[in-house]
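Below, subunit A partners subunit B and then partners subunit C, in two separate complexes.
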Partner chain A sequence: MDFLLPADQMALLLGGVRTTVLLFAIAWVIAFALAIALVVIRATDYRPCRWFVDAFVAYHRNVPLLVQVMFWYFGMPELLPETIRFWLYDHNAEFCFAVIALALGSAAYQAEDIRSGLRAIPATQFEAARALGCSYLETMRYIVVPQALRISLPPLVGRALLLFKNTSIAMAIGVAELTYRTREIENLTFKTFQIFGIATVLYLIGTFSLMALGSWIERRTTPGRKEHRNA
Partner chain B sequence: MTAAIVSLDHVNKWYGPHHVLQDVSLEIGKGEVVVICGPSGSGKSTLIRTINALEPIRDGKLLLNGVDVHGKGTDLNKLRQSVGFVFQQFNLFPHMSVLDNVTFAPIRIQKRPRAEAEALARELLAKVGLAEKADSFPGFLSGGQQQRVAIARALALQPPVILFDEPTSALDPEMVGEVLQVMKSLARDGMTMVCVTHEMGFAREVGDRIVFMDQGRIVVDTTPELFFDAPDHPRIKRFLSDVKGEH
Partner chain C sequence: MLEIIQDYWLTFLIGQYPNGPLGGLAMTLIVAVLSILMSFPIAIGLAVARSSTWRWLRLASACVVNFVRGIPLLMLIFWCYFVIPIMTGYAVSGFWTLVCALTIYEASYLSEVIRAGIASIPKGQTEAARSLGGSYMLTVRSVVLPQALFNVLPGITSQFISTIKETSLGYVIAVNELTFAANQINNQLLTQPLQVFTILAVIYFLLCFLLSRGLSAIETSIRRKRGLL
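On to the complex of A and B.
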């Protein structure tokens, strides 16, 4: 790889890739779990639940992600007790706050996607489950959410791509991810075209992998795909 | 009097200002096949949906196997496991195979061992003539086949009573027979059944009682012989000639 970059710069860059992947993976897992929780809470008939979820979604859709990230990093610590604050500053606070902000933002969008998937499930599915003795949560877990997720898969893949690209915003609070390292190396070497070219390719590898994973899952979860093949 | 499996005592229900069930009283004993018929909009679906508490009621009393459905501390989810329900539109779970549709409630809700649930499911699928479709998905089955799977799914909880809401109304005519066949064999096995249906041949052949509803009321509750051969109510006569006209 020396013909691309000297080894020390390459190491810097790969460290950035590692941080980017970690930011994405951790934030995605949190976001997805949170999105499902938001959807299930939103689907209850209880008004305060709906208001809470709607407010959560509205905030994250209407405030720039950069502001959200900065708010968490610069604003939140003021509210925390001193011991927790110092512990965080000792333990990669910028990474933690970036993950939180990215995850919450993505959760809001994913919740909306899953919710529109949910609306596509006929009420009769709900009834059929209730008639078999399912509780509300069992109905959601086994019958409604799996079908809604299958329908929401394409938009959810889109959200994952967006989250992956948005990890670059974490550089604004000093997280040493791929874009941060790219800028750093560019400042050292002034090989602007080359280093941003490499970064571009690395991001594309990430996004194409996600897209491939998405269509693999889509194929795997088509009901009766074997029958279809044989038919 | 033998203990009734289903007992409605002066049940009233409104949809807004609309009084859909008016003072309905009905007792269904073990092994009885009760056919409910009546013009569209007369409250038949509402009545049987009330029986497994899919619909709440305003007043009156509803007992299922002696348990007060609206009593304090009644676990409705548990109670519904003792009432099979077959819908007009089948309502199978499209993301599950036929076998999983049938084993779903026993395994996930009743927490029975998978092996036991699958053995029972295969037995039930054989009974409805679909043993070889266990691994198919609902989207690949005809309407008649889907409805037979739905019957197997309802039977998988081994309920003492099973409710049918126009189980053949959404089917192409050539598939009605296969579903009625399954229902008749259930009736012969001594299953307690409440069937909302316009299939008068079925009603005459296997029905023990015919309940005729009109405008939210039970107008008559009688035997098939009296109902068909000596209809003593002008609305029943009109209904019977309308139903004949459909076929």
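On to the complex of A and C.
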């Protein structure tokens, strides 16, 4: 890649790519797990639980991600015990807080997507499975969740794309991800178009591969289409 | 926290105005309204192009929309930041850079919303209008678009709310808006970041939450007036 950028700058940039991918991957895994937890909590009959989840979702939907990130990075350390605070400052606090903010924000949206997928499954599906002798868990495992996931898959892929693009916001608190590195190299070399062009292409590669992955999973999980493919 | 509000509420609302540049919440709202107004006609153009019968027009529109949707808004802001001065030859302020970037970004997201609305109009509507002698433009303008835009009103309002949230990225190129004002206050106080950023989050929350509630109430009342509820 020497013809594009000198080796040292290329190394900087690739380091940025690595951080971006890590930010995205870690935040997505946490967000997905958290989203499922939120859906389960929301499904309980206990009212304070529902209120808590609704408040959580409303907060993350109505406050800009940048403000959430700043809140975690600048505001939160005050509330943490000193030992944890110092440990964080020793271990790349920017990255940790960015992951937390990104994950929480994405979890709120993903929970809504999963919940609306579950609501789309008619209650009769559940009742029929139970009537045929499936246990609650079997009904969930084989009947309800597979159908619900299929419905919520497209919005979930959209959320993952947004999360990937939103990792760029972490640059505002100094996480050395792709956008941050791009700015850094631009400041060093003034090769504005070249470096921003490369970064843009890298982001496009990321989003388009995520889209391709999404539609691949969609094809795999849609039973009607599978028959078509085999025919 | 109350003390901070007492001392700095004016900075949160209008920045240093009238002794300095306008900023704060007022600036956030101006940027958001301006970008959504400017992006609306572009979005309609992109959506109509995307649903046209002319293949190349469809393809071109799809390319533009997918390109913009494929990159982070921050990248787009930086592109505008560097490219607009070179293209126009003028030093463009951060304000106009942000408005341009948001306009382009919102136009492509909004065009997808509007395209969904156009796709939901039954084909019979277009065919009826055409067979009554209406030209293509007339059909689009007075048969398809009025129905499509009305149907996607909820999508348009939620896009407006997300525009308000996205103006916060102006902070990165030092546009004097709400997030920037909060950071200035934080830098003056130095010791109370938790309180300052809590106030900031609360302001955004109230603004977006109440606005989305208000707009959906207006939608419901329009629907009721038209006898759709």
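By definition in this document, the second predicted complex is superposed on the first by the 207 of 231 C-alpha atoms of A that agree within 3 Å, B and C clash if a C-alpha of one lies under 4 Å from a C-alpha of the other, contacts with A are read in each partner's own complex, and residues count from 1 in each chain.
Quick note on the criterion: contacts are C-beta pairs under 8 Å (C-beta built on N, C-alpha and C of every residue); 3 or more make two chains touch, one makes a residue touch a chain.
Since the model is a prediction, treat every value here as computed from it, not as a measurement.
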{"item": "First, second, both or neither for A:92, with subunit B first and subunit C second", "value": "neither"}
{"item": "Partner chain in contact with A:128 - subunit B first, subunit C second, else both or neither", "value": "first"}
{"item": "Subunit C versus subunit B, contacts on subunit A by residue", "value": "C"}
{"item": "Contacts of A:196 with subunit B and subunit C, given as first, second, both or neither", "value": "second"}
{"item": "Subunit B versus subunit C as contact partner of A:138, first or second or both or neither", "value": "first"}
{"item": "Touched partner set for A:204, first subunit B, second subunit C, both or neither", "value": "second"}
{"item": "Subunit B contact footprint on subunit A (complex, rising order)", "value": "124-125, 127-135, 138, 142-143, 146-147, 150, 223-224, 227, 231"}
{"item": "Partner subunit C, residues of subunit A touching it in the complex", "value": "58-59, 61-68, 70-71, 74-76, 78-79, 165-169, 171-172, 179, 182-183, 192-193, 196, 199-200, 203-204, 207-208"}
{"item": "Subunit B residues touching subunit A - in the complex, by the definition given at the top", "value": "52, 54, 77-81, 83, 85, 87, 89, 91-97, 104-105, 108-110, 136-140, 153, 157"}
{"item": "List of subunit C residues in touch with subunit A within their complex", "value": "67, 69-75, 78-79, 82, 161, 165-166, 168-169, 171-172, 179, 183, 186, 193-198, 200-201, 204-205, 207-209, 212"}
